[in-house]
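Letters are used for the chains, namely A, B, C and D, taken in the order the chains are written, and counting of residues starts over at 1 for each.
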Amino acid sequence: MKKLINEPGDVVDEMLDGMTAAYPEELRRLDGTNVIVRADAPVDGEVAIVSGGGSGHEPTHAGYVGEGMLDGAAAGEVFTSPTADELSEMIQATDAGEGVLCVVKNYEGDVMNFETAAEMAEMEGVSEVAQVVVNDDVAVEDSLYTSGRRGVCGTILVHKAAGAAAHRGDDLEEVQRIAEKVIDNVGTMGTALTSCVTPEKGEPTFDLGEDEIELGIGIHGEPGTERVDMMPADDIAEELTNSVLDDLGLEDGQEVVTIVNGMGGTPQMELFVLNRKVQKLMDDHGLEVWDAMVGDYMTSLDMMGASITVCAVDDELKELLAYEADTPALKR
Amino acid sequence: MKKLINEPGDVVDEMLDGMTAAYPEELRRLDGTNVIVRADAPVDGEVAIVSGGGSGHEPTHAGYVGEGMLDGAAAGEVFTSPTADELSEMIQATDAGEGVLCVVKNYEGDVMNFETAAEMAEMEGVSEVAQVVVNDDVAVEDSLYTSGRRGVCGTILVHKAAGAAAHRGDDLEEVQRIAEKVIDNVGTMGTALTSCVTPEKGEPTFDLGEDEIELGIGIHGEPGTERVDMMPADDIAEELTNSVLDDLGLEDGQEVVTIVNGMGGTPQMELFVLNRKVQKLMDDHGLEVWDAMVGDYMTSLDMMGASITVCAVDDELKELLAYEADTPALKR
Amino acid sequence: MADESVQREALLAAIENVTARIADEKEYLTDLDSAIGDADHGANLNRGFQAVLKKVEEMDGADPQEIVKTVGMTLISEVGGAAGPLYGGSCMTASQELDGGITTETSIAFAEAFLEKLQDRGDARVGDKTMVDAITPAVHTYKKSIEQDDLPPLQALAKAVDAAERGVEFTVPLRASKGRASYLGWRSVGHQDPGATSTLMILEEILATAEE
Amino acid sequence: MADESVQREALLAAIENVTARIADEKEYLTDLDSAIGDADHGANLNRGFQAVLKKVEEMDGADPQEIVKTVGMTLISEVGGAAGPLYGGSCMTASQELDGGITTETSIAFAEAFLEKLQDRGDARVGDKTMVDAITPAVHTYKKSIEQDDLPPLQALAKAVDAAERGVEFTVPLRASKGRASYLGWRSVGHQDPGATSTLMILEEILATAEE
């Protein structure tokens, strides 16, 4: 499998250099780490919002660093959570004395490393570190038999709302409440038409026949919860959307944000074809779409596929989601 | 080859519906056509800028419809230029009496259909229709033996600069001069790691071995000018960048915009790896990078690969490129 | 030639046959276009002729000139790409020559006008590896066979088809100088031009209809 | 057990052997992780142990406890993912038990502390289809073989490796309840856990070094 890379082991390092070269005035890389922070971090008088996770999900998370969203993003190796010491450096570098909120996607690696990092950072004098764990993937039952639901594309709405709250001056407790409010109201479900190929392995993580797709995938090239026959786009949209809506159980007339998210290798054309059906389904379910987002927000390298996110919003969340933001991957 | 579509013949129609559903307040589809215009078109007192071409290059062109860029974009079938009658409808729908500039990518189909459309629109009472033809692809020699160089990713800089000029109130002649100034100063060269797959054909347009790439590709899944052995990203960046710089022949200290453009199936990670090297090369050549853009701006469906664009800019172009713009795919 | 309603029937039959042939050969044309173009020539023409067939079937009582003009306009508005304005535009313009119905003389005038408009619009000459390489010899042969060799129109048409076929073969060893294939430079050598190929198919079906 | 410099040599030899083994089995571990995880366990551990080897080779004259602590810290800061904090954090914490150098007693205390920290951090129990399924029987067997069966440490270690091996096999038919494999639900059944497998490899290399 061909990739536009040099050595597989250098890909994260070189990607981050390529990013700061693209946004020299906006982004800064912490020396000797894989952490990207706002060039002007720490931002006086504001709670800092940071996130992080394995690489391969670009523009997640570094693409969301900037005014009104994240103060810092730590990049691990491909699909591997960042290490605790780098997370701790990020927390220290972004803290302006108002405390730091860590937005963590629910994977054991991420959670364990962020917890360790928070302890380390507090030992180094960071005033207060809070954590929220995003678990929007409705494919995985939250039961005794799993490590809970995964954090996927809904995370960017957490970044957006919490980032706006921090930017307008809310305190850490309030910012955390906002983040948790998004988490309580968002659900996502994804499908893969192809496996992704990691730089290290250089071959598809799983084999998928010409007539099969995976439903209920995460964003790490892991197989999904179910393998089914290939379907037309409208049926896939229906399957994914219904799973999310079943989980959320929204009332008639509820306002929502929808996201049709590409997994990295999906042409935009196909995302819009999906979106067409998603919007029809919202209508059928009596939901009011306040904002319909379509694009590559949280990817799995070159995987072909998409996820559908629905988030219920009220006036408070709408104000925060519409609030100005200026980041490489999202501007409002 | 699996795709998130319904019937191949419906894909353009459904994509456009999915687009207007995502941007109901910003975009409007002309009834019975595949033309997208600004919801508020025609815009009083402004020269209209329109473009169009085959589909499959998303976000080109409809993604650039909005304040400060295009007033209208016509979508043909996949990789097939739009028909003259739809182009004419677009010209009529966007003309506010100040004239219309058509930004045409240099393909015989596009040029012939736009020419026919301009005649038709003028017969229908459009005050004045002007045309610029973008031909930034340095891979193709402009000689007796070709239909000239192709128009590729540099086109979006034409949209941006001309759109800004129109927005600030320049007249048609002036807007056309600006567009031509960009065209005179921009060059692009691309590479494909894989062929794309069109919805109709459902199979790769060309076969490419595991160790080969195509250099000098266009954006229609056509084979490139040369097939060479796979190389590391840095070598590819060098090959493409040098071809463009040889063509442009810039002076030491010249300010430039660079674009590392993904062809649709390339993970962002790889684009940033390329950008790292491109920025180093600019530095080596004594060029001053004023803006380094990285992303999927003009794609070929699901093709893996990238193109590199360099555009020399002066104060006039910098002002226009930095001017505010609010479109689905580009905000300033 | 015969009276208007017979001409109309013959025209409709020819359009039906061409449409069916293009539908049959859609994949083949697209494959040719994959090698040196962008893999859409078959789909483009098929979309166009399907629309043409529907349109003309609805045209009760139109005269031959109107029908041919409609064919051209429909191809313009349905095919797009290079082939749309070339086939469609030439057909529309040349339809003006059919003012007095389809006679031996008007058919020659039509053919010449078609070729002229095609070269005008596309600016291609023989040897550029395009449909011009099939159309030019066909038109020249048709005109010469009737005017100088005094052959009946049907035989002249058969000779024109032969000439077009040699034109198609002639495109194979050429380097393209027009159309998308020109971007490939020397790599276009050895491939048959899709547009010339579709021209031959269309002419073959017109001949077959005339022979019936 | 022997004096400090002998212990240091033995430790370094074990680290070298583990590092070489993980490098050899990188692809295999990643393949296991492809089936029910995210295809990185081999790369993660290899990156970690390469760094560990470099670090400890530079540690002139450190005592065993310091070395083991450094191993843990390096794994934390190089491995990432789930395995980093689990292997690294447990190693770092358990290194406190090696205050008096490596003796039979301190090795048991180390093993117990390692297991405790691992369960604490990852919240997994036996049967969840994780590395815990290999480590738990190994630690229990080691302790029991020495304390109750009075076996010499080397033999106890050999029995512990056997136990770990059965633990690895035990993971195959289980449905995962922890780690990424748990997201697959019933589909995880029939696959061997990568983390348990790497645990076995590490233990095998420690045994092989001790036997030399």
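Going forward, a contact is a pair of C-beta atoms (placed from the backbone, for glycine too) under 8 Å apart; a residue touches a chain by one contact, two chains touch by 3 or more.
A quick map from chain label to UniProt name: A, B = Dihydroxyacetone kinase subunit DhaK.
Remember, predicted model here, so these are calculated numbers, not experimental data.
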| item | value |
| --- | --- |
| Touching both chain B and chain C (chains) | none |
| Reaching chain C from chain A through chains that touch each other, fewest steps | 2 |
| Inter-chain centre distance, chain A versus chain B - centres from mean C-alpha coordinates, in Å | 29 |
| Centre-to-centre distance between chain D and chain B (centres being mean Cα positions), rounded to whole Å | 54 |
| Euclidean distance of C-alpha centroids - chain A vs chain D, Å | 32 |
| Chain centre separation (chain C, chain D; CA means) in Å | 75 |
| Multi-chain contact residues (two or more partners), chain A | none |
| Which chain pairs touch, all of them | A-B, A-D, B-C |
| Complex interface listing, chain D residues touching chain A | 30, 34-40, 43-44, 47, 76-86, 89, 121-122, 175, 177-180, 182-185, 187 |
| Residues on chain A engaged by chain B in the complex (per definition of touch) | 1-7, 11, 14-19, 21-22, 55-56, 58-59, 63, 193-194, 210, 213, 230, 232-234, 236, 264-277, 279, 292-294, 296, 299, 301-302, 304-306, 331 |
| Footprint of chain D on chain A - complex, ascending | 9, 54, 76-86, 107-109, 112-113, 116, 139-141, 144-147, 150, 198, 200-201, 205-206, 218, 220-225 |
